[in-house]
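Per-chain numbering from 1; labels A, B, C and D assigned in written order.
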Amino acid sequence: MSRVSIQAEDFDPAAELAALEASGGGGVASFTGIVRGEGGLVALELEHYPAMTTAQVERIVGQALDRWPLLGVRVIHRHGRLEPGERIVFVGTASRHRTAALEACAFLIDWLKSEAPFWKKEHFADRTQWVEARAEDDAKAESWKR
Amino acid sequence: MSRVSIQAEDFDPAAELAALEASGGGGVASFTGIVRGEGGLVALELEHYPAMTTAQVERIVGQALDRWPLLGVRVIHRHGRLEPGERIVFVGTASRHRTAALEACAFLIDWLKSEAPFWKKEHFADRTQWVEARAEDDAKAESWKR
Amino acid sequence: MADLTLVYFAWVREAIGRDEEQVARPAPDVTIGALIATLAARGGGHGEAFARPEKLRAALDQRFVPLDSAIGEAKELAIFPPVTGG
Amino acid sequence: MADLTLVYFAWVREAIGRDEEQVARPAPDVTIGALIATLAARGGGHGEAFARPEKLRAALDQRFVPLDSAIGEAKELAIFPPVTGG
């Protein structure tokens, strides 16, 4: 069971966890990304490439399913304008084994952070700026290819 | 902010996640362990060493706080009789950085699985048996000491 | 054969002032990098967006490819900064 | 000095038939392993629980220690199988 949503709306991590807990695995791992309100940030604006995003995320979920014995995978990525404290992204995994659930969760969020076709723009009171890609994120995603 | 509970009662992962999301970090990682109903298991019985358990878990949470820049840690471990599908354990972590949240979560659950003073007895329709320790779990916990 | 559709994201889109445009299809062996250089020579928004190719990434028909890839028969070429998702 | 309190868990507790008992305090340099051997020699539940010391683990005053540790001045000695938490 795997499901990917790219959406503007917020989501409910509790409902997602409940579905994963019901998948019959012994362990459920999750990661939720939240907008940080540092440096006077007023909002983040997330742009994406709709023709590409869902297909790409589904492809990487397929890789995770090939690599780990997962009973459930759920990925949600929001786009549009998000304010500090709002959720951006959710990855949840269920498996009989805790290590599989935790590793697959880390793999998916590393990939989403470094290779999914999303671009973030920071809005401050007096200016806006596009976030620059971080070499560290690329290195994380690269480490899974070893 | 860190909190440890050793309890017979069930817990609500949603409420725990909500508290962690509010801790100001950019990422919240969690792991929930569930009783698997394999091989005709009717129930698990978890015994622990009350004089030791909370102190030991608080010590290891302290190690996680020393090792990763965490804004929140929550550990819940149940004892008593648990049926298949019931939650046994919850670890939740919040950090500015996703890698810190994910690694600390994996570290804590590996430790709980291999070194916390809990013993599991499996109840089947016609017999009971104490679960034997798995060398694999010890190796996982050991790997964090490198 | 039909024109090539270019799609732009993030500051590339903002500099050019549109999220999509059609251009005359180049020969199949023309690379993305060469097309970008041609477009940069128009100046204006294109000149600004494409001034530093090392800051650009591309996808051909929704697949990430290096800038030295030939455009071939692709229908859609996307040009954008390195992704910053999640 | 007061007696030593022994506490048992899991199948050690079940074999002995109680979760706690007092024993006469041994000399401080007696190891946990030596005390276990003495208790095993009682036979019955103690004999069964302590037949295979390699299957046992211990804690002195709520700290895990190896079986070759001296009991010293500890108040409480816990004896149990390897833990299987979580």
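In the analysis below, contacts are C-beta pairs under 8 Å (C-beta built on N, C-alpha and C of every residue); 3 or more make two chains touch, one makes a residue touch a chain.
Heads up on the chains, UniProt names are A, B = Molybdopterin synthase catalytic subunit; C, D = Molybdenum cofactor biosynthesis protein MoaD.
Everything numeric in this text was worked out from a predicted model, so none of it was measured.
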Farthest chain relative to chain B (centres taken as mean CA coordinates): C
Rounded Å distance, chain A centre to chain D centre (Cα mean): 49
Chain A and chain C, separation of their C-alpha mean positions in angstrom: 27
Whole-Å gap between the CA centroids of chain C and chain D: 73
Chain B, residues touching no fewer than two other chains: 33, 109, 113
Touching pairs - complete list by chain label: A-B, A-C, B-D
Complex contact set, residues of chain B against chain D: 33, 46-49, 51-52, 55-56, 77, 88-89, 109, 112-121, 130-134
Chain B residues touching chain A - in the complex, by the definition given at the top: 13-14, 17, 21-22, 24-36, 85, 87, 96, 98-99, 101-102, 105-106, 109-110, 113, 140
Residue numbers on chain C that touch chain A, as the complex places them: 7, 9-11, 13, 59, 62, 64, 76, 78, 80-86
